[in-house]
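Structures incoming, each one as structure tokens.
Two complexes are shown next, each including chain A; its partner changes from chain B in the first to chain C in the second.
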Partner chain A sequence: MNLKRFNWEPYLLLLPSILYLALFFAWPMVQSFGLAFRTDDGQLTLAHMQRMFNDVGFTKALRNTVMLIIAIVPLQFILALIMALLMMERLRGSNMLVYIYSIPLAISDLAAGIIWFSIFTERGYLNSFLYSLGVIDKPFLFLNYQTKWPLVAIVLAEVWRATSIVFVVLVAGLQSIPRDYVEAAEVFGAGWFARVWRVILPLLRPSIQTALILRTILAVQVFAVVSAIAGRGMTVLANEAYLWYREYRNPHLAATYAMFILTISLITAFIYLRALRTKEEMIL
Partner chain B sequence: MAEIQVKNVRKTFGKVKAVWDIDLTVHDREFVVLLGPSGCGKTTLLRCIAGLEQVDQGRIYIGQRDVTDLPPKQRQIAMVFQNYAVFPHLTVFENVAFGLRMQHKPKDEIKKRVQDAAELLHIEELLDRYPAQLSGGQRQRVAVARAIAVDALVLLMDEPLSNLDALLRLEMRAELKRLLQEIEATTLYVTHDQVEALSLGDRIAVMRSGQILQYDTPLNVYDKPADLFIGGFIGNPPMNFLDGEVRTEDGQVVVHTGGGDIYPPPDVGAMLSRLKEPSVLVGIRAENIETLPAPAEGALQAEVLVVEPLGSHNLITMQLGTEQVKVNTSADFKAQPGQTLWLRLNIDKICWIEKATGRAMYPD
Partner chain C sequence: MRKFTSLLAVVVIASMLLTACPTPTVEPTPKPEEPTATPEVADYGKVAFISTQCVPVEEAEKMRNVILADFSGTTEFIPADYATFEDTVLAEVKAGKGTIDVIGALHGQFPTLLDANALQDLTPLLDKVKGRGIPDAYMELGKLGTDKQYFIPWMQATYIVAANKKALDYLPEGADPNALTWEQYRDWAKNIYEATGEKKVGFPVNGLIHRFLEGYIYPSYTGGMVTTFKSAEAVEMWKFIKDLWQYVHPQSMVYEFMQEPLMSEEVWVAWDHTARLINAFKERPDDFVALPAPSGPKGKGFMPVVVGLAIPVTAPNPEGAAALIEYLTRPETQITTLREVGFFPVIDVEYPDTIAAGIRAQGEAVSAQAAAADAIPAMLPVGLGPRSGEINKIYRDAFNGIVVDGKDIETVLEAEAQALQTLLNETGAPCWPPDPPSTGACQVK
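So, the complex of A and B:
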């Protein structure tokens, strides 16, 4: 075989994915970047950005998004960690837990939003249930946008829907920790809590990093669940992008929101990567 | 330090009998080696004593205290793992200090004891490093230092040298022996390496299929194996076994083998003549056979098959009648394949094994 001949094979194999990524990710990204920073006649401008920052919806959307992240991510992380640790205890039937926990993964976020909407809505499952118990005598308006209840419903829906992503990542990480380490800790006097805190969590760092990045980025983009449960009652960043595109017919501002979401995602990923970095000398 | 007592302990994994009704006592300050082929249950027994496995039945005592139902942390043990299990995210200092921190010892005591342990293992220079920056041998030292830094009643070691390369293993073996003599720890040590067992142990418990076959000093295990398996398992090369038939001719007991007749001493002869089945195996180690260039009184004729010069001595494989035997000779003994030699077995060093049971027999 002529070794000097260029080997096209690997590139041909990569071509479909490259095309896919270019067509459906890179190209739209470049397009929306253009939309966000250019006028209709092609001049560079910061006007769209200015308009976004000054918009009433922006502050509300940003506040709600951040609030959801703060409420959802730690809650999901702790729940997922407890679930994962529980599973690693290898109690009878604990293998079943993976399947049970993973069921919501198969459900689309919009469907999940609708499920929880049907629970919390005026004539929904929760009200029927409370009514049948005699706790209430008329339906309680959980999804009234003037209360905190929609937020609670959204947090519950998101926790139900996406905790298992964090769980799966953490279980994979836990399974890669050699049992020797945990047993050594046990022999040298560490109780359950000390084992988790001093041995398991530090060794789990890379997985924690992945799980948190994944989860936070998804939380920054949260949309369908919020839309299904709260409708117009509560807005988030992705919701604003959607509104500006669909309702106000302004692709420039929609793209600006999208760019803003992208920037926040990048920053969060960067912060996690820095904060949870495993020092090179600690990798055995 | 303290005594370890294992009473009637059984541990099964599904249908596998890992440890089957074992009794074992390790005296205070004694160094006992659990020796056996892989899968014999030696590691499982150690893990039961450590509390990392729950026993199905039986009791375990450490220093007169029944620890059977206690978790590892309450058993006052220290352990060295086969894969070291030094924590990669902690420095050497913190690794060695781990047990002491768990016991909430005061800071200066921790510092002093880590220093002392590090000095014993010659790792003072490495205290600030992380395990990834150490060689395998250095990690092993850290693992041992971590174990001796705590006030444990007993020290458990699970094949601690098996991951080291041959040269390092030899060096660490001697160092471990020195160290453990110095700190006088009650130690239970698991290995599949018979040389390690012979060189380190005060006593050796030879295990197979979840049971202890022999529990004795290294010299006795080597010279007076309890059965066929131990004779074949311990020693390099393993013991030679010749098929023999016991007969009494003119009032004297003689053992016919494929290589010739062997005349046992009177007390052995009396013992052999009492056998129900007159079939025995004559066990003899390579170094207990004398090789002679010319015929001599009581020597058996044999033909050289293979000569392996090993530097310190030669290992010669010979055809002795219908049997093959391995014989050690001095390094300057000249022999060629095909050559005829005469072998004299050291009659006092023969291990007589009842063929029907595989048990070795020793005159009282």
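So, the complex of A and C:
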């Protein structure tokens, strides 16, 4: 009787996405787990992991990835928040901002990397522009690996490319905050800053959480932009995974790097979830 | 509803952007005349041809529209990078059922396939290509150390130096550009830097620089590639590279194909693979000269690259495959291949006038390099099987440690020599030229 009343419908509707996730995410993940911890003959081993940690590329890649996360994520978050608040002010034409901010979302990260490479390269747009203004008399080497300029170019490219992801999430969150709260605060004499700090930000917490998790995980995986702008001058974790698979043809090491990236992503997601708990969640 | 309309607008804008993107500007290739079917056989049917060479879009289009156009049959040309290529061929062999008829790959890429029993014995095909003038040494390579023929040499390439004519004014005094030493090469770079204030010598660090280390500078300075990895000569050699590197364009880290920075004149002098320099020679033959690679104290190390054709055991159309191999090794096809994609013939041919001056110049540099009295031909690593990519990492890591990070040469060489020895021991790879032959795994001295 009970069984008859059981509503299968939602599960049926979920089935395609579950199958999709199982086939294209869970299964490859299990496979790469196997590659990372097994030898060619199927023996369990930690040798690949040991080799990864001892590899000269590893420390560099880890350091650069962390450096990029620290440089990019807060910058993007603050920018996106300002953009989102600006948008909520409902100024004339502010609706257009959504579309303008979202343009880079439509561009692949590799394409974005190539665009910024063509800006910063020796005979690129920036040098041509500076030359035509008479600021420089010969091209300045922005992409000189011995300087910090490639890093600046990568941060700029990433900020340009992916700030809108954070922005879109925050706008959605802001739209769900009832106007009444803000208006009430205004009636009680709260200034703009106080309204943002005491009313909007606390209510926005779930969106901030989502945005930060999403953005940080994407930053852990950063690859194409770095590769296009810095080439072999700078390596990141995803780049090492790629090189081990494509260039050095060792799928075990590539999978080990992938597992490492997955672990960092999980840890960051966990930290964000703990750090940004709402009051109700803390009781649990 | 509002949200929905904004979302809709985003999607519309996105799709507009996508459609607004300019269509890729692939050089229009002149459509060849209708293929004239050979009288003997009307049609060999569909032949699928996978290749690790001619992968860039432009080259692949030349393969499809020009080089393969006259074959009596339909060819499906599948360009694939090495990883995809190897996975595809091995997966088909494993499945026991295939779609690929012909394989085109580098000499060093075949041993892995042979290990997996993926290759057909092509000995019966030898009659068809006999008398084409393929050098015996190259035919021998095609036997992969066995007594059967597993691949038929298809085309060859190597790495040379391309220089903008403007750079020739800065050559060190008394230097013959066709017989430079690496020291003179460094002085050349230095002269250019001192005169113009710019570092105009480039290397493809994001491309094939490991071949420069393995096949050029190591043999030139140490006479070997592997056995001499951490020798006293090698230490001197790395000191020299560090010295040279002061005058090398810092954007070299990003260069994949040197033809691009050569044509934009970011660099004036560059070492690279002939196929990665060819556009400079083709588009502006009057601006560039092709030079053989310089020599070192031990001679002129250089790496000949031989591309071979093979048939996998699972080929669905072996007759068509054999016919395609015969077609690709014909003199006229070999000339077309040179003209279109810049790979040099493996057979004895006269270059007709239809071959652009720039390519002929490249060809002369290639011949001069191979025929030099002090030439030390260095082969691609062959015995490493599926791990042949890892050796490149060792040379690159040594380069990164010593030249990029400025670490102590002996320390880096000691660590990398250990990695190299482990790789050699684990694969059991015997020494290959230029190192003297060994019994058992090659040993770093």
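By definition in this document, the second predicted complex is superposed on the first by the 265 of 284 C-alpha atoms of A that agree within 3 Å, B and C clash if a C-alpha of one lies under 4 Å from a C-alpha of the other, contacts with A are read in each partner's own complex, and residues count from 1 in each chain.
Keep in mind that, in the parts below, a residue touches a chain if its C-beta (ideal position, glycine included) is under 8 Å from a C-beta of that chain, and two chains touch if they have at least 3 such contacts.
Since the structure is predicted, the reported quantities are computational estimates derived from the model, not experimental observations.
Judged by the touch definition given at the top, the superposed model places A:Met67 against neither chain B nor chain C. Judged by the touch definition given at the top, the superposed model places A:Tyr181 against chain B, while chain C stays out of reach.
In the superposition on chain A, contact of A:Val98 is made with chain C only, not with chain B.
Touch criterion met: A:Gly191 reaches chain B, while chain C stays clear of it. When the two complexes are superposed, the chain touching more residues of chain A, out of chain B and chain C, is C.
Within the superposed three-chain model, A:Pro202 lies in touch with chain B and out of touch with chain C [touch as defined at top].
Comparing the two interfaces of chain A, the one with chain B and the one with chain C have no residue in common.
Only residues 178, 180-181, 183-191, 194, 198-199, 202-203, 205, 278-284 of chain A touch chain B when the two sit together in their complex.
Within the complex, the chain B residues that touch chain A are 50-52, 71-73, 77-79, 81-89, 98-99, 102-103, 129-133, 146, 150. If you check the complex, the residues on chain A that touch chain C are 56-57, 95, 98-99, 102-103, 105-107, 117, 121-123, 138, 141, 143-146, 172, 175, 229-233, 243, 245-250.
Remark: chain C residues 3, 6, 9-10, 13-14, 17-18, 81-83, 86, 197-198, 205-206, 250-251, 253-256, 264-266, 386-390, 392-393, 396-397, 400-401, 404 touch chain A in the complex.
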